[in-house]
Amino acid sequence: MINKGVGLCFLGCLVLLTGCNDQRILEETGFIQSASYDELTNNRIVYGISIPIANPEIKATRAFLMTDAMSSKQARTHLSRQTNLQLVSGQLRVALFGLPLAKKGIWRIMDTLIRDPTISEKIKIIIVNGEAAGLLKKNFKEFPRTGQYIDRLIKKEAIRHSTPLTTLYSFSRDYYDDGIDPVVPIIKDTGKTISLDGIALFQDDTYKGKINPEEAVVFAILRGNFKQGEVSLALPKQSQDTTVMLSSLNSSRKVNVKYEDDGNIRINIQIQATATVSEYIGELKLSNDAERREIERVISDQITEQAERILKTLQRFSTDSLGLGTYVRNSMTFAEWQKLNWHDQYPNVNIECRIKLRIKDYGFRR
Amino acid sequence: MNDKLSHFHVTILIYITQTGAVIITLPRLLAEHFGTNGWLSLLFVYMVVSVNLLLITAVYRLGKGKSIFEIMERSISKIILYPFYLAIASLWAMLGCLAAKQYVLIFQMIAFPTTNPMIFKLLIDILAFILIIKNVYKIAKAATVFFWMIVWMILLLFYFYGDFEWSRLTPFVFQDSAITLNSFFSIYLAFLGYEVCLLLFPYVDKRTKLMKAVQISNLMLTFTYVYLSIIAYGFYGYKHLKTLEYPLLNMFAYIQFPFVQGTENLLFGFLLFSIIITIVMYWWGAKEISVQILPLKGRVLAFIILFISFCISYIPKSINDTERWLSILGYAEIGLSFGLPIGLILLLLIQRMRGEAR
Amino acid sequence: MRFFKRIMKTIFMKTIVSAASAQKAKVKPEIPTLTHILSEFNDCVDLVHRYYPEVNVHLVYFDHQVDHDKLYREVMNPLIHVHAEEEVPKLLEQSQFTLVRDSKELVEGILSGRVAIFSNSKTYLVDVFGLQSRSVSQSESETVITGPHDAFTEQAGINLSLIRQRIKSSHLKVIKLSVGEVTKTDVYILYIKDIANMTYVNEAIRRISNIEIDAVFDTNMLLQFIDDAPFSIFPQFLTSERPEAIASKLVAGRIVGIVDGSPSALSAPTSFFEYFSSSDDYNQRWMLGSASRLLRFLALFITLSFTSLYVSVTTFHYEMIPENLLITLTESRSKVPFPPLFEALFMEVTIELLREAGARLPSKIGQTIGIVGGIVIGQAAVQAGLTSNILIIAVASSAIASFVTPAYVMSASIRFLRFGLIILAGVWGNFGLAVGISAIVIHLSGLTSLGSSYLTPIAPFKPRDWKDVFIIAPFKYITERPSQSKSPNTVKNKMRK
């Protein structure tokens, strides 16, 4: 008898609910796959979105819409007047920021991204060297839809550590953490293709400078434990033009914080790395223990030198992208840390870096 | 055949009752109130709860397993007791109903933002009603099944190991925070639910080891909370945690599988299994107490209680309202969970003294 | 309405009165006479009445109920060799002839295929029952790959012997009950003494003897009269056509019921999880058995959730779709004119129609149905834009998954529940799904089978049972009988008397 009553109640509820407008039926919905943000004068932003179109009757594979407004949500209401689809942001994968905007700070826009419960924490944050909307608008004939193209490009490059994979989560996490600053991949339009333009260094939410793609792997080694990378080095100290290509590069980082007698902070970064030699053009024999040690030493010196150059750059920009502040913080009391203004101190800190590389194996050739 | 609850069932029942919607805000509450490494405060609260449980154990021992109504009615006249009963019953009815409302309102942030929340509330109430009219043994059985249906979610925390860093926890303890008594209370709310075991006395026997079961469930709960909070601290860092309204939902959203993404609404939907038992146990408690006043059929009483609380739950409209109501009621509940056992112990001691005097 | 009630009441009163008068008659047995019997069976053309004038003996029996060879051997041949009327009483002292003093008993005897012998004002019955029945053959509805292939038939005697063959123990007890005011169907309750719990046996006997109905034709019909919760969608007694499965239930301490005229036997108490085990599991290596059992639980999950998740995701929770699937899914949905809920219900109903048609048709035509339904309708529906192809996959896989459940009654219940979940998902998305699943769990936790919990071994929590429920441990580790049967002898390899 009760079951009958319950059944009736359920039926009643069903009747009550007809005409509910919370439905997001797939084909009536426009999924914003990527969004771009550019700066305009007096605090207005240019907001562009790319929507994949899956209707076989429409030739185009995606739609690009653009408008300018005070905020991105306001812009969205503008845009939704232009389309037959209900715009939703639950499938957003890529957020592109123009470089001029990044230089002024992007946190203002991040607020909507974080606040919106439908937006995934895993969307990729990317800086465009130039105008973001322009890049997103452009179709690259030989590649997938531009948004997807960028998404896959970054995802693939991140596996090889040519760039960090910065998501909304990791950006805001590093933004809030006072011991580390966020880094973001930066891309640019190179005519027929899009290419990676290095790593953008942020201080809090403002762009300060970038690291070239060639240095990206060494930067990644410095940044933390590292697996599966490739680096090609020219070894100038050898007699002839010697180059070596290292692959399957694994490394682990150790950071020590010491205080000198005068109270200055000294940070020591120790990195242990192993790698496979996949190419070696030179005179030494890798199978010979002594000669291999020699090569290892040379390579280590070479990488250390690069690393030191990167550290100098970071200190010049005053961006603690490596998270050294965390180690400093964890080595002192809370009150001391509060007193210490890390961003002011950082450029003057004495950072030492030592990389030790071991060759694990060297292929089929002796 | 199965008149008495078994040890395992009580453990699970209390554990599920204790786990409520608070779990999704817990890491933030900890970061907000206790700052760095706030999860340590859970251990303090755990100890306080254990002390509270010891008090209840004392009631159980002294009363030799008699139901609390029997103990009270023996020496206090019904005229005094009835308003007291009524107060407890309405407190529990409101707690259950607001917990349901809170869950619904949070769910509506993720999906169905414009639908009338009371429809969802009604659905939960119907479910709860079907369960309440069954006896407590069957509620425990349902709780056990629900337990297995949500406990695997703890395994999902492995997903965060990749981005977890101990250094983000910082070596500081309770820095960057202003700890007041209020902060402890707000964390304490997450542990509430165990006091329902006061009503379970008539449904258990010696083999159940009731109080041991409740202690175990409290330990399990603390473990769950601590584990979750440590992961949340190491995943977000406490400063970021402070800014997140529902950290657990953000964590859910972070989990992506190749076949399903944006899992938060599915996983949060599963939390209903735990919420429903929490609600049901409060309402069941309210029903048990009301039976003392109004000797009606359980089914009718349950309906009356649900109907009244449903009407009241129309009043709070926003999440903030609901949460404020909940915390006020929660404070009253904390008072009750300490006050009632202490009062009962005194009563029992008096009874014993009188008995010896005679 | 009221008038109708009154009529019903008077009818009931009458039946009660007549039952009471019948009881009174039992107290004073009527002496059976030939004329009485012949008038009782008036207008029964299949009744045979033979008279041997030399010895003054009448035989009365139903022609098609007896085995003629046996009749000749046991009755006619001895009678032919008797030459004088005086020798007849001596002959009838032989043990196959039973003296009957009650007319009612005699009538029942004749009805159940015995021969009534009237001689010298005394009446005897002799059992020469020989019904033509289907021989033991393979089960159609429960097939196994390895293991015995015989199945129960419609005749209780054969079924009993199939079980006795497998359990050669004097402890196997059989109680006979009769159900049905008109049909007087024989129902046998089987249990193994010292293994089965007598509370269950007595409870089953009590429930069966309390049935008030004119006719019972099948086990599945009978057990609806003795269900704990008649309103529930779930079966509360396990039925099986396989003698070895039923024998294993007996040994596990459960009780078994056999209904004459039905090829399936029932077993109780049972739990929800028992419906997902098949005898095949035990005949394979334990790992494979465990794997296929886990597969069935996965299938349960798929059946319940696939289509409803599709509906929920495409209607409300687009953000759950992985990027790679999004375009394909949207594309396949773009031509469909209905909301996902109706699309899914349409396909589900089609599948159910196909299943029903397949079940009603002879197996050769059934295959055609499969091809027409599966390929033609499926393909055409997608091309016509009535459904999306992803939905077809979801519906088809959940339909297939539902057939994985070995017990047909259970798989039918689950398939029925699926519709509820689809509607809930279509109206309230994942919330509806969670509510639906909760409702099922709450309902299940309230169910009992012969008074014992339907969710054993999850609730009550009996982890010891799990090794024979969710997986199958190697046999040497399954040392105890399932806790649900509450056997006085829980340990399997030692019998305590």
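Think of it as A, B and C in the order they're written, each chain with its own count starting at 1.
Keep in mind that, in the parts below, a contact is a pair of C-beta atoms (placed from the backbone, for glycine too) under 8 Å apart; a residue touches a chain by one contact, two chains touch by 3 or more.
Note that the structure is a prediction, hence the values are computed from the model and not measured.
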item: Centre-most chain [mean C-alpha coordinates]; value: B
item: Farthest chain (mean CA position) relative to chain C; value: A
item: Distance from chain C to chain A - Cα centre to Cα centre, in angstrom; value: 64
item: Computed distance of Cα centres, chain C from chain B, in Å; value: 44
item: Length of the line joining the C-alpha centres of chain A and chain B, rounded to whole Å; value: 41
item: Chain B: positions in contact with at least two other chains; value: 111-112, 123, 130, 256, 261-262
item: Residues of chain A whose C-beta touches two or more other chains; value: 17, 20, 22, 90, 118, 120
item: Residue list for chain C, restricted to those that touch at least two other chains; value: 316-317, 319, 321, 323, 428
item: Touch list for chain C against partner chain B, complex; value: 199, 316-317, 319-323, 428-435, 437-439, 441-446, 451-453, 455, 458-461
item: Of all residues in chain B, those that touch chain C in their complex; value: 1-2, 6, 8-9, 12, 107, 111-112, 120, 123-124, 127, 130-131, 134, 138-142, 144-146, 148-149, 256-263, 265-266, 269-270, 272-273, 276
item: Residue ranges of chain A touching chain C (in the complex, touch as defined); value: 1, 3-4, 14, 17, 20, 22-27, 29, 31, 33, 52, 54-57, 88, 90-91, 93, 118, 120, 148
item: Sites on chain A touched by chain B in the complex; value: 2, 6, 9-10, 13, 16-17, 20-22, 90, 117-118, 120-122, 169-170, 172-173, 175-179, 323, 326-327, 329-330, 333-334
item: Complex contact set, residues of chain C against chain A; value: 231-232, 314-319, 321, 323, 326-331, 333-336, 339-340, 423, 427-428
